[in-house]
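Look for chain A in each of the two complexes below; its partner is chain B in the first and chain C in the second.
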Partner chain A sequence: MWEKLQTLDRRVIYLFFVIALMIPLFKPMGLPIPIGEESQRFYDAFDKLAPGSVVLMSADYSPGSSAECNPQFEAVIKHAFRNNYKVMVFALWEQGAMLARDIAEQVSKSMNKTHGVDWIFLGYRPGGNIKIREMSNDLWGALLNIDGYDRPLNESPMMANIKKLYPPDIDAIVCFSSGSPGDGDYMAVVTDPSGIPLFTGQVAVQVPARVPLIRSGQLAGMIPGMGGAAEYENLTGFPGKAAGLMDAQSLAHIVILGFIVLGNIAFLAARKT
Partner chain B sequence: MRKQLPLLLTGIAALWFVLCKYIHVFNATGAMTTTDKWYNIVIATMTFIGVVNLTRIHTTHIQRRRSGYHNSIILLACLWGFLAMGLYYTNKHVNYRWVYDATVVPFEATMFSIIAFFIASAAYRAFRIRTLEAAALGIVAALVMLGNVPIGSVISGWFPEARSWLMNVPNGAGFRAIRIGINIGSFAAAMRIALGLERAHLGSGQ
Partner chain C sequence: MSSTQIWIAALGTLALFSFLYKENPVYRAVEHAFIGLSAAHVVIMNIDNYIRPIWRDEIAKGSYSLVIPFLLGLLVYTRYSKGISWVARIPISMTVGYGVGYVLSYEPLPFLRQVTDNFIKFSGKTTGATINNILFFVLSMSAVLYFFFTISRDKYLPMQWLGTLGRFTIVMALGASYGNTVQGRISLLLGRLQFLLKDWLSDTLHILKF
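== the complex of A and B ==
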């Protein structure tokens, strides 16, 4: 029996996994979400920026990471609008631009923010860190003098004093990243040389690699995965999707751990017999 | 000449980038900005060459009716269909956005979601406590998994604290060392390519 348990059909595992993910859809558990130190650090540092600060929010992720990064992006842009920051929505990934644009349009409408005055969509530009360097020398030239909707930049009042992606024209960068190009490129080209804060929202698998950068001060704050997004929603007081999805993630983790324990019990019992 | 010319161009380009970055005169005259613009053009050209090459390979698959050639038909239809749609509508048009949101977004999200199921079954088979190191790996994985989700803090407030310590101390130390190694290795690889010592990308020359 123990040998059979060790080679359990993977479809049984999939079935339990699906059930665990579906239960919260029908019966939300409403688990309390404690605030982690990374999300708290991000919130405190981001909140300290002065009203009117120019913040670049870069959506460098694909639809595969949107389950984690979309709630992060939404929570942070709501925070930025609440504090009256000037937000530039940009992306080094083409899919990220489309995802971020939809969120920015929805949130700006609900919070009465005007495109061109309170926020601007700069769209996607290819080139990774080369494009960032171009933008840090000449933002308008790098964007070909048009925004993400193909409108001239000189029609947007908020862009009048923003000529470079470098201080004093910008005050902070928030990069939501699931790979490269991403926060590492902004760090190398803009934030490390200039000293302005770089914030990041990361997919969970990249969080361990970013921890040393927070310790060294190169990252001012990090939202770790969907859990971090749920914590940030709690901190800002703006309800979002992440908090509800954490119930499903909790049960999924319990299922995986349960099967790992079962597999090891079967392994040890088989060894004994 | 077939190998010497690419090596020479690589070396000149690498030297140019270094000069533009570190010598102020080059940066101040806008040479770097112009170079960056040329970089974008070259990348776009390379991407197009990739598209042409992909089309050539899959067209051969279809012509020779190789196994799975129907996948090649779908690939080419999607590739050139999206290209045509983007050129006709532009990627800001509502029709393009609709097709993109209805196909690419759910497909890509699904591909990543499938990975979660794969991880679950792989974890069941792989996490066996055969040695002391495997036991340490399993216990640490369990602590981090429980510390990352709300149910862990409901079970015990100790899980989030343990997860925080594990991420900040041993993980931080390990990844610091990994990053230094990666960056030194990347620098060495870049120097080898710039100096023409690395020639694998030039092919066998036959």
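== the complex of A and C ==
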């Protein structure tokens, strides 16, 4: 029996997994979502920015990571709009621009924010760290004087005093990242040399690598994965998609732990016999 | 999303999930379609967001010097011709040169800040903070010493102990990384399941007039 358990068809594990994930989606369990240290730190530091602060929100992720990064982006942009920050939505990844634009349009409509006055969509620009460097010297030139909707930047009142991606023209950068180019490039070119805060929303895979950067102060805050997005939704008081998925996430982890424990018991028992 | 988009996305998702049961032609077809569409999307986004505005707003209005880097970029395609493929090395070498320059000028600062962050005072505001600081120092140093091979571990026992401690530290960090990876993959699956059960199912019920 123990040998059979060790060679269990993986499709059986998939089936258990899918059932465990689907049950809470139909019947929520209402498990509590305690607020993690990283999300709390992000919230506190982001909330401290003065009203009218210029914040660049960079959606540097692909649709494959949108399940984690979209809820993060939505929670943070709602927070930014609530605090009346001036938001620039930008992306160094092609699909990230589209994903961010859809969320920004939806949220700005629901919170009565006007494009060009309260927020602006700068679109996608290729080049990674080269583009960031160019933007830190001459933002309008790097964007070819047009926004993400192909309209001239001089038609947007909020861009009148924002000429560089560098202080004092900008006050903070929030980078939602699932790889490179991403937060590392903003850190190297803009935030480490200038000292303005860099916030980040990360896919869970990259979280362990970012924890030392929080400790050293290079990251002002981090939203870790979908769990972090759920925590941030609770902190801001704006309910979103992530909080509703935490029951399923917790149950899935329990299933995985159960199989790991079972596998180890089977291994040890098989060795004894 | 429109109903057609939802159905295409849902059927594509299910086709890709069919791989979990067994490799099959439907999965292969959708996989190849996805790869092709992704590549096409990247090309179009770059043309629409960069190349077209450069030609329309810069080169056409007199910035003719921008044609030079454009032609240099096109030289990369000479690699497909056996006789003049060596020409492709020119733009590649310029890219590599920029990359080296960027790394040398911008990368040391974030890294050095990590190094200076290790210069910490052991005593903290609370006992827990003090223990944390000491643990952080000892474990990070032992992890670094694990890769120090100049001093023989057989001859010097402290190096052996520190090396073992360093190995445990690295394995613990890898375990944390594994746990986060599991969480990340579950989150991605949940996103797709939510789409199938919420958007697709409600659209299906709507079509069936329930």
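One rule holds for everything that comes next: the second predicted complex is superposed on the first by the 273 of 273 C-alpha atoms of A that agree within 3 Å, B and C clash if a C-alpha of one lies under 4 Å from a C-alpha of the other, contacts with A are read in each partner's own complex, and residues count from 1 in each chain.
By definition in this document, a residue touches a chain if its C-beta (ideal position, glycine included) is under 8 Å from a C-beta of that chain, and two chains touch if they have at least 3 such contacts.
Computed from a prediction, not measured in an experiment: that's the story for all the values here.
By the touch criterion stated above, A:22 is placed in contact with chain C alone, chain B being left untouched. When the two structures are aligned on the shared chain, A:188 is found in touch with chain C, with no touch to chain B.
Of the two partner chains, neither chain B nor chain C is touched by A:122. Shared-chain residue A:207: touches chain B and chain C both. Look at A:14: by the touch rule set out above, it reaches both chain B and chain C. In the superposition on chain A, A:259 makes contact with chain B only, while chain C stays out of contact range.
By the document's definition of touching, neither partner reaches A:80: not chain B, not chain C. Looking at the shared chain after the overlay, A:159 reaches neither chain B nor chain C. When both complexes are overlaid on chain A, the residue A:144 reaches chain C alone and has no touch with chain B. Taken together, the two complexes place residues 14, 64-67, 94-95, 126, 130, 133, 150, 204, 207-209, 212, 215, 224-225, 227, 249, 252-253, 256 of chain A in contact with chain B and also with chain C. Across the complex, chain A meets chain B through its residues 8, 10, 13-14, 17, 31-34, 36-37, 62-67, 94-95, 98-99, 126-127, 130-131, 133-134, 137-138, 141-142, 148-150, 204, 207-209, 211-212, 215, 224-225, 227, 230, 246-247, 249-257, 259-260, 262-264, 267-268.
Those residues of chain C that touch chain A in the shared complex are 20-21, 41-42, 45-46, 49-50, 53-54, 57-58, 98, 102, 106-107, 109-110, 113-114, 116-117, 173, 176-177, 180-184, 186-194, 197. The touching residues of chain A, when paired with chain C in their complex, are 11, 14, 18, 21-22, 25-26, 64-68, 94-95, 97, 123-126, 129-130, 133, 144-146, 150, 184, 187-189, 192-193, 203-205, 207-209, 212-213, 215-218, 224-227, 241, 245, 248-249, 252-253, 256. Within the complex formed with chain A, the chain B residues making contact are 32-33, 36-37, 39-40, 43-44, 90-92, 97, 100-101, 104-109, 111-113, 116-117, 119-121, 123-125, 127-130, 138, 142, 145-146, 148-154, 160, 164, 167-168, 171-172, 175-176, 178-179.
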